[in-house]
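Chain lettering (A, B, C and D) follows the sequence in which the chains are written, and residue indices restart at 1 in each chain.
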Amino acid sequence: MPPTHATQPFGSAIARSDATSIRIHGLDLCSELIGHVTITDFVALELRGRIPEAGERRLLDAFMVTIAEHGSTPSTIAARLTLLGSPDQWQSAVAAGLLGAGSRFLGSMGDCARLLQDPAVVPQDAAGDRAATVVELAGGPVPGIGHPLHKPDDPRSLRLFALARELGAYGPACATIAAVRELLHERSGTRLPINATGAIAAIGSDLGYPWPTLRGFALVARTVGILGHLAEETRAPMAQDIWDLVEGLPPHA
Amino acid sequence: MPPTHATQPFGSAIARSDATSIRIHGLDLCSELIGHVTITDFVALELRGRIPEAGERRLLDAFMVTIAEHGSTPSTIAARLTLLGSPDQWQSAVAAGLLGAGSRFLGSMGDCARLLQDPAVVPQDAAGDRAATVVELAGGPVPGIGHPLHKPDDPRSLRLFALARELGAYGPACATIAAVRELLHERSGTRLPINATGAIAAIGSDLGYPWPTLRGFALVARTVGILGHLAEETRAPMAQDIWDLVEGLPPHA
Amino acid sequence: MPPTHATQPFGSAIARSDATSIRIHGLDLCSELIGHVTITDFVALELRGRIPEAGERRLLDAFMVTIAEHGSTPSTIAARLTLLGSPDQWQSAVAAGLLGAGSRFLGSMGDCARLLQDPAVVPQDAAGDRAATVVELAGGPVPGIGHPLHKPDDPRSLRLFALARELGAYGPACATIAAVRELLHERSGTRLPINATGAIAAIGSDLGYPWPTLRGFALVARTVGILGHLAEETRAPMAQDIWDLVEGLPPHA
Amino acid sequence: MPPTHATQPFGSAIARSDATSIRIHGLDLCSELIGHVTITDFVALELRGRIPEAGERRLLDAFMVTIAEHGSTPSTIAARLTLLGSPDQWQSAVAAGLLGAGSRFLGSMGDCARLLQDPAVVPQDAAGDRAATVVELAGGPVPGIGHPLHKPDDPRSLRLFALARELGAYGPACATIAAVRELLHERSGTRLPINATGAIAAIGSDLGYPWPTLRGFALVARTVGILGHLAEETRAPMAQDIWDLVEGLPPHA
């Protein structure tokens, strides 16, 4: 016989509801949230417990807009193939797509932010010293630096940093990643860009987001991007042709 | 030996990029999207191919904010347990959570919208006639009607319909679902609410979203909600206690 | 404050363990299972609560061996692409692969067995009458009948039915599906094969497996097949080339 | 316009089929595999390219039988909750369960085998020297050693090693892990068991399985275990009660 528990040891503090009201993170869903905040505000509420200011919201939207869509990727192709096998199960296709958004593609944002937020990277140090610490901690390629196509600058990062300056959010972490890039240039002679995940990691750090939460924005964005491919697959299917091609068959008529 | 293909039969038309620019659905990512549109705009762009007007955007945000968070659900509990087994693999935990967002919990929105958008539901008919057609097509409980806790009205639906009226988006589909509710009341004597998924299905239909695309908003919202629980699990874990309890063990000290 | 529960309402009855012993479905893991039974026996133990006889075990192995491997399919391609994005996360790649094993590819086995086990299909009726009932219940194409490549006979089904006869397991459900095929031939003039899922559904029904449990064998088999492709992907990668091709890039050197 | 590819750069070598025959890893499916080999043989064929000898097959079955079932775990609870949200989607529930079988629960087998197969662990060295190398490489707790419940010996490991000796498969890797345990005992004064994953890692290494392939057996076994819980959930549901309890509601009547 299972033991008796006098009280439950758990319970989420996020939501409370009764017949007439629903409160989420302490705010009334119907009178304070629906119609008043955006889903981006809500992401911040879920990850950080508070509604962001207008400038922060605009940057958070910019983060997600930047990384939502990358065209055909392993993730979106896997999602299309899953929809082919399980028609109408969009949740399964999105799940399959997210599973490929692992260390190789999305990990670099978290890894970069973790380095920038490392206690060894002391804000009081000069940017060049912080950069040297980051490079040493990385012990190899620095996540957030470099891109196969966009050189010498990633246009998305230029845009994101300009926006951060405009909104007063360009801070020590942004200065650090810029100094990392210069340091690597000096040492290697090659001028690599700060890529989009590096820019988001830096600006997100300056906005005060703990590094694990930044992965949350990446996952929302990735979900959005996968949905775009499921919608396209529904109106202009290609999964069957991909399958045929991998099998060595001629494409369907 | 695999056959030769002279040309590829596929290729996504969503994104185009070269060294200096990236275009998504025909818009320049850096100069037209980042900093200019919200992720909600981007969802609409992905699902429908265009940036929404301000009123539509506000309703789309309202949809997602309404359904993002439901406290502890099978979906969020499964996500927490997955994080316990695979620490740091947030994408796996989100995927597991989405997999439980299937027919029982999220299907009703799509099912309701499909009925409201059925060709047999002719806009020129009176709302009462359209409602009778919907009830007949449903052939049983009408998805989008009824709620275990929120009676006789779901406060979220009241809020969403008020917002739709305010923004000029309350149209024939909204009138149909309202008439469905009245018809069921007449027939059964029980007054059931239009629940949140019914309200979103109706307003989304009036905004012109084909029913399959509405599931996209639900999946983005559900992803956001799961992230809230992963963030809470990280700062105030309960998955181990749930496991202990199911196993019949006393909670961890 | 959460309510007090005097006793737990749940608890799995499958496994019991203490410091020195582990019992599963009432059998001692170390002295009665490890080294004594195969994983196929264990699948039967999990799904049906008992270790099968030798003939039944041989048929269960035959089921799984028959459907484990289909070469490149949406499922195995999705698994490879997931491994590309999340290296070393084999569990994520297998999960992605299973998600594509939905209604279109694996559902037909369950659907066919459900028809053969329908209460309206009365064993006392003649095989031809049972077949007529099955065709009527199906109301369209009968799952388990037909194959795009293997015509007029699916060699796997011939082998499985021969094995079932040899082992004394060819019973009323096998006779029903054979009669279904003849009936469809009569009606349409086209001779379609009983495919492998139809054969397994019929033999599994004659072995007494409730139709939902047959999906269990399919999922074990599918897991095995996916693993073969992950192993091949590890030693002879093709996911990157698939990605390049879908993106319209030349293959990697 | 996408570029022209003269030939396809990929193609799985696993399966070949035409209208009358199917070959898998060079063997004829119908005349050499179905009815002749077990699914365990097939796993070995997929992971290693050949059908195992009888003794090896018995050990492989023992591996999978040992780790298939652990009662209620995060993995099986997540699978049950997923089935509650997505009824009948067994593939989704299995996928969710596998996603929790990550580094914390299944990783130790692969990690232990990787250490035992590390090139620095030279077979010609004495077992004690190899053990010292393993402990040094681990640089902390050695995966495969220790268990919260089974002390000082894990009865499953005792059984597996006895079986390995009986079948002539107890080799240098088994001797190494035994010496590791002794070394840790000497150094710490605490006598920890070789757990089941440590035993499988060692015996699997002595059977010549590269460490990544051993994860394949774990994933098949885990799939089998999850299926047992889905079958139990179908006949004796507990997911709704788990949900209620986590939400703080009284159990359903």
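Basically, a residue touches a chain if its C-beta (ideal position, glycine included) is under 8 Å from a C-beta of that chain, and two chains touch if they have at least 3 such contacts.
Here the structure is a predicted model, which means the values were calculated and not measured.
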Query raised in the report: Which other chains touch chain A while also touching chain B?
Result: C, D
Query - Farthest-lying chain, centroid of Cα atoms versus that of chain C - result: A
**Report entry** Inter-chain centre distance, chain A versus chain D - centres from mean C-alpha coordinates, in Å
**Finding:** 32
Report summary line: Per the C-alpha centroid definition, the whole-Å distance linking chain C and chain D comes out as 21
Requested in this report: Averaged over CA atoms, how far is the centre of chain A from the centre of chain C? Could you give it in whole Å?
Outcome: 38
Report summary line: Expected list for chain A, residues touching two or more other chains, is 2-3, 5, 8, 10-12, 71-72, 86, 89, 91-92, 95-96, 99, 101-102, 238, 242, 245-248
Query raised in the report: Which of the residues in chain C end up touching chain A in this complex?
Result: 1-8, 11, 71-75, 77-78, 81-82, 84-87, 89, 92-93, 95-96, 99-105, 238-239, 242-243, 245-247
Query raised in the report: Which residues, counting only chain D, touch chain C once they are in their complex?
Result: 2-3, 5, 8-22, 24, 29-31, 33-35, 37-40, 42-43, 45-47, 58, 61-62, 64-66, 68-72, 76, 89-92, 94-96, 98-99, 101-102, 106, 149-151, 155-156, 158-160, 163, 212-213, 215-216, 219-225, 227-232, 234, 236, 238, 241-242, 245, 248-252
Requested in this report: Could you please specify the touching residues of chain D with respect to chain A in the complex?
Outcome: 8, 10-12, 86, 89, 91-92, 95, 99, 245-248
